[in-house]
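Step one of this worksheet: look at the structure below.
Lettered A, B, C and D in written order, each chain numbered from 1.
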Amino acid sequence: MKAPTTLTIGVVAVMSASACAVDPAAAQDVIKLGLSVPLSGSAANWGKGSEFMCQKAAEEINQAGGIKASGKTYNFECITYDNKYNAAEGTKVAQTLINRDAVKFIGGALGTAPTKALQAIAERQDVLLFTVSWGKSLKGPEHPMTFTQQNTPYEILPPLIGYVVKQHSQAKTVAMLNPNDATGQETEPVAKATYEKNGIKVFASDYYERGTTEFQAIAARIASFKPEIIDVGSTPPADAGAIFKALDLMGWKGVKVNETGTGADTLKETGGDAAEGVYMGSGVVFDGDTVSAYQRKLNDEARKLLGEDLNTIQIGFYDAVYALKTAMETANSVEAKKVAETLPDITFPTFYGGKVGFFGKETYGNVQQMRLPILVTQVQKGKLVQVHRIDP
Amino acid sequence: MQTAVQLMATALQIGAVYILFSLGLTLVFGVMRIVNFVHGQVFATAALTVAYALPTIAAAGLPPLAAYCVAAPVGVIAALVLSVAIYTFGFRYFQRDEIGSFILSIGLVLVLDGVLLKVFGGAVHRVPEVITGVVSSFGATVTLQSLVLCVVALLLATGLYLMLGHTKLGKVLRAVSIDHEAAMMVGIPYGKVAFGGFLIASLLAALAGVLIAPMSIVSPVIGTDYLIKGFIVVIIGGLGSIPGAILAGLFVATVETLGAFYLDSSYATIATFALVIAVLLVRPKGFLGRG
Amino acid sequence: MARIDANLIGWIVLIAAAVFAAVAVTNPYLSSIVILIAIGALLGASLRFVMLMGEVNFALGAFVGIGAYTAGLLHTAAGLNFALAILVGASVSMVVGTTFGAITLRAKGPYFMLIGFAFTEAVRVAYSKFAVLGGTSGMVGIFPPRALDLWMPLIVVLTVIVFLVVLAIAERSDFGRILFAIGENEPVARSVGLNTFRSKVAALAVTSATAGIAGGLHAFTNNVISPGDFSFLLPAFALAYVKVGGENHFFGPILGAAFLIALSHYALGFGANESFLYGGAIVLSVLLMPGGMLGLASRAVAAVRKGPSSHD
Amino acid sequence: MTDTAPRGTKPGRIVETGPGDAPDILRIEGLTRRFSGLLAVNNLSFEVRRGEIFGLIGPNGAGKSTVFNLISGFLPATEGRSFVERREMTGQRPLTVSAAGLVRTFQHGSYIRSMTVRDNIRLGTIARLKSSDRAGRVDEVATMLGLTHVLQEVAENLPHGLQRLVSIAIAVAARPKLLCLDEPLTGLNETEVGNVLEVLRRYRGELGGTIILVEHNMKAVMNICDRILVMHHGALLATGTPKEIATNPAVIKAYLGDRHAN
């Protein structure tokens, strides 16, 4: 008697799933932008901010009259699912976006593992994919539908490290630390090579587990090498702050770098005064004259939502939407393959101001990387200050 | 020498928190035979509440220390309210059911993870430094704050130890954890005792939470991190053993510190897990576990 | 006798339903759900098998991961064909599982649970240390032959059914009786000369093998695997399948998996927090319906029949 | 899948057990067990002859159950040696002891509550019989113990008396040379007691089985046992036929005031 129950409930369950598989909201004049981002766990805030920025850009464009292509007018709509930062969930999200919601454009994917899972399906079904993930292996001619919406170490590190080394010509040695996650494993080799190219001796390059809350021993270890520069690579600002504080406690004084540091606030919160002087490669300055009033307004809204400043990851989700709009109108088509072919040749207005395009032939063998300005920032008197900017 | 002292100081500091955290776990298991995964969430609730309340209170113009003295009790109370709810609606029905209670607590962990994220948001919360200044001796330096943490933690640990040894409640708790049937035969109200033990355990977690808040990186996931460490400690020390938890707490902290210093610290993480399995090979019930 | 019949009907219905779902469902999204349910069912059944002897095996996550990574590596690095890769993966998982059991089954109850928990987490960190496994960003390109693309749902469902049958037979055999006896009254089993320790290890060997199979299928249907896929949440979710479906009956975890996975996909549409969902399901079922859905069902049936419940 | 051979233990060596060698199936020499100072069993020696029903009695806490745990290998002896059919079993595990033919039951619920009677009995056959013979043995034992009509029932739904028979059946199914029963009569009513005793007699009669019986029910013990050993404070107080024991002043003294003495 149990068996039929098994069946009925099983069937009912599958039916309920199929019920929402057929999405009535699939009106022709809406272009859905799928987002695969972490909405839970330690990276939840990045995901929330990314969704926020995608929606902002979409709203602006829709209010400004939408996208005009192939004689029709379309509106953007952002659909976000939680990829929990791992491949299994990334696949679920990919299936849901592409095969259930029939999304043809991915407005952004965050987290290398879930992005790879998404790419496996997207490239096969000709779905255009934007991602902030750094994996070099994500790009290249074999992935014609994939585009990167954020600067990666290959873009950031040469100018950043170059600048730092120039400012501190006496510094000749460095010790590096990275989190044992995808970003860390992507950043470390590039940074190492760049330092060596600049004639800096790399004493040590360590990894630590994300989720560590006690950094004294780790700090003691890197300090014991007595390097002139300590580069905590893609360590999240909160951890970085704690590490610099511990280093400061042990009396280590030297040049501090947090390559992918995104903001002064979190760094200050955990690092206190030890955050002073840290160089960052992914920081965005929201006070001072470098930003427009509108950007500041967006950032203030974001702060209300997230409790911290916007960072380059989230801004990438904003830029991708404008890139797509421009490409669609230039190609005069909303067909993903056509749009992907057009993207490399267009320039579009970026959040950072001005118009930018795509590049990357020499690094990735294919034009898939947004050519964004590179901002070298530093914490000065507790404020994040832009010390160097390279515009494309 | 300097590094040696520095490392000792670090190990002591981490160990102090592990001890506080694990004492609760081991106490609950001793008294109720419950493997309480929710302990981490109780701990996180306290830490998050402080991290959330303190800046707000401080904004009212109070100096950090004063503000902390207001926020800390709030955090403890929040955590205790949570654990009372957990006990009355959950664990009460699963006493001495090792598997059932474990399954229930796993479920609660999943639920509370979601809740904490909703309530406190994903952003890292940071409590402004409550006690400023550093202490240096033998060339090693620790912040006054972490020193205070150590002292308080160790005081609490000894306090609990003495309480179990000498007060009536303590004796009752011990009696129950050694042989609850015998204890009930001599007329000990098991239900009351169990609830008492659970509250004390939660209180320890809450205190650990509010103590760690000013010097750690407080986010909703902090609970899981300490939970895993905490269980490693109690397994090594022996479930239900108070001295076991204290010794193992220091032991694990030392291994971690040395590991992080001499190895790449992500290997240290694996090393600690390997350690557990090794210990259980030699002593399937932990170092001081009761046969 | 009635029970035997019910079981027989159960199997026929189950197989029919599964094969129908695998063949008739053409929408790739729905077939991906069918696949997830099939794999989930195997995971739940594997976890339940060890629960027969009264232990909760949280090392399951590690076994699934080892199966998946071995299969993936053999396929991507050594170009081994996918059926073979999965089988070898399962064997490796079985070897690890047996060793793990032989070492850790001296411990019981909470100790065994917690060691398994620690083992799963340790192994998860370990994957990320090997570049050849793709580090934290995961291993890519684990594709079955393109020709099989359309057939994958059927292949997965049939494979799962085969190993479910294996587990069911094992449970109904004398081996199963021994495990059950161990779970309830180990001294009695020992007093009649049964080597209970060896039986426990054997049980772990069996489930680590089936878990390894599940892992291999996971790898080849997801095409990408990452350490995060095999955290302690995996056994926790499997536990949810068992408790919600009903741990007293073989079909329990299967029903639980079907229900929870479908539900979670439905919920994903509203951006609901999945772990919240699974957690809630576990809590509610342990508090309100100890026998799980099947427990409720059989009690209902019994009430209707006004006869004794056929529920064992 | 299951293991029928004892693991990691060599068969105990055959030893000549002294002069006047009786056809003893169990021989205990100076058996002693201390629990942290307390002497539970104190230098106990006795032997059990093939085909007899041997009563092991004594006031509560006399150490009867401890003796069972020691001879069946569930508890290591502090001192002393034990032989089953002249094979030394000192320090062996239950696995080996039961392989040598000594099978014991436990005082409380020596069966699997939620398994059917059939499965319960079958459990006893697994280690000793190859799978093709098990079903037959189950029916055999069920018939002998009069359980045929409840084979399909789940053990926990049975009345007390039948549950005791199930416990015995599990042990009997294992083809023991020596059957050790720990209080099989406690809590049973007159008819049930009679029923169990009847079964034991038949078991001894038809199969020439040997039984050690730990029991508080004096009437039953006196009525069924060939020889009785009385323990007091862990030591041997007296041994002999029921008649001798009944009239032994030391025994009577030991039992005076003991609520089980009737």
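Heads up, the rule we're going with is that contacts are C-beta pairs under 8 Å (C-beta built on N, C-alpha and C of every residue); 3 or more make two chains touch, one makes a residue touch a chain.
It should be emphasised that the depicted structure is a prediction, and the values quoted were computed from it without experimental measurement.
Colleague: Using C-alpha centroids, which chain lies at the maximum separation from subunit B?
Modeller: Between subunit B and the rest, the longest centre separation is with D.
Colleague: Take the average of all CA coordinates in subunit B, do the same for subunit D, and state the distance between these two points in whole angstrom.
Modeller: So the centre of subunit B lies 49 Å away from the centre of subunit D.
Colleague: Suppose each chain is reduced to the average of its Cα coordinates; what separation in Å results between subunit C and subunit D?
Modeller: 42
Colleague: On a C-alpha centroid basis, what's the spacing between subunit A and subunit B, in Å?
Modeller: About 35 Å separates the centre of subunit A from that of subunit B.
Colleague: Round to the nearest whole Å and give the separation of the Cα centres of subunit B and subunit C.
Modeller: One centre to the other, that is 33 Å.
Colleague: Got the subunit B residues that touch at least 2 other chains?
Modeller: Within subunit B, the residues that touch at least two other chains are 113-114, 117, 266, 269.
Colleague: Among all residues of subunit A, which ones touch two or more of the remaining chains?
Modeller: Each of 40, 180, 209 in subunit A touches at least two other chains.
Colleague: Note the residues in subunit C that touch 2 or more other chains, in rising order.
Modeller: In subunit C, the residues touching two or more other chains are 125, 128-129, 273, 275.
Colleague: Go ahead and list every pair of chains that touch.
Modeller: Here the touching pairs of chains are A-B, A-C, B-C, C-D.
Colleague: What residues of subunit A sit close enough to touch subunit B in their complex?
Modeller: Those in contact with subunit B are residues 40-45, 48, 180, 206-209, 211-214, 216-218, 220-221, 224, 236, 238-239, 242, 249-251, 266, 269-270, 272, 306-308.
Colleague: Could you pull out which subunit A residues touch subunit C in their complex?
Modeller: Counting only subunit A, the residues touching subunit C are 1-7, 9-11, 13-14, 16-21, 39-40, 80-82, 84-93, 95-96, 99-100, 112-114, 116-117, 120-121, 133, 135, 137, 180-182, 184-186, 209.
Colleague: Which bits of subunit C are touching subunit A when the two form their complex?
Modeller: Interface residues on subunit C, with respect to subunit A: 6-7, 9-14, 17, 21, 25, 27-30, 32-34, 36-37, 125, 128-129, 135-138, 140-141, 143, 218, 222-229, 231, 249, 251, 254-255, 258-259, 261-263, 265-266, 268-269, 271, 273-275, 293-294, 297-298, 301, 310-311.
Colleague: For a test of understanding, state which residues of subunit B touch subunit A in their complex under the given definition.
Modeller: Against subunit A, the touching part of subunit B is residues 3, 6-7, 9-10, 13-14, 113-114, 117, 121-124, 126, 128-129, 134, 141-143, 212, 216-217, 219, 221-222, 224-226, 256-262, 264-266, 269.
Colleague: Mind pulling up the subunit B residues that touch subunit C in the complex?
Modeller: Residues of subunit B touching subunit C: 29, 35, 89-90, 93-94, 98-100, 102-104, 106-115, 117-118, 228, 231-232, 235, 239, 266-267, 269-270, 273-274, 276-277, 280-281, 284-286.
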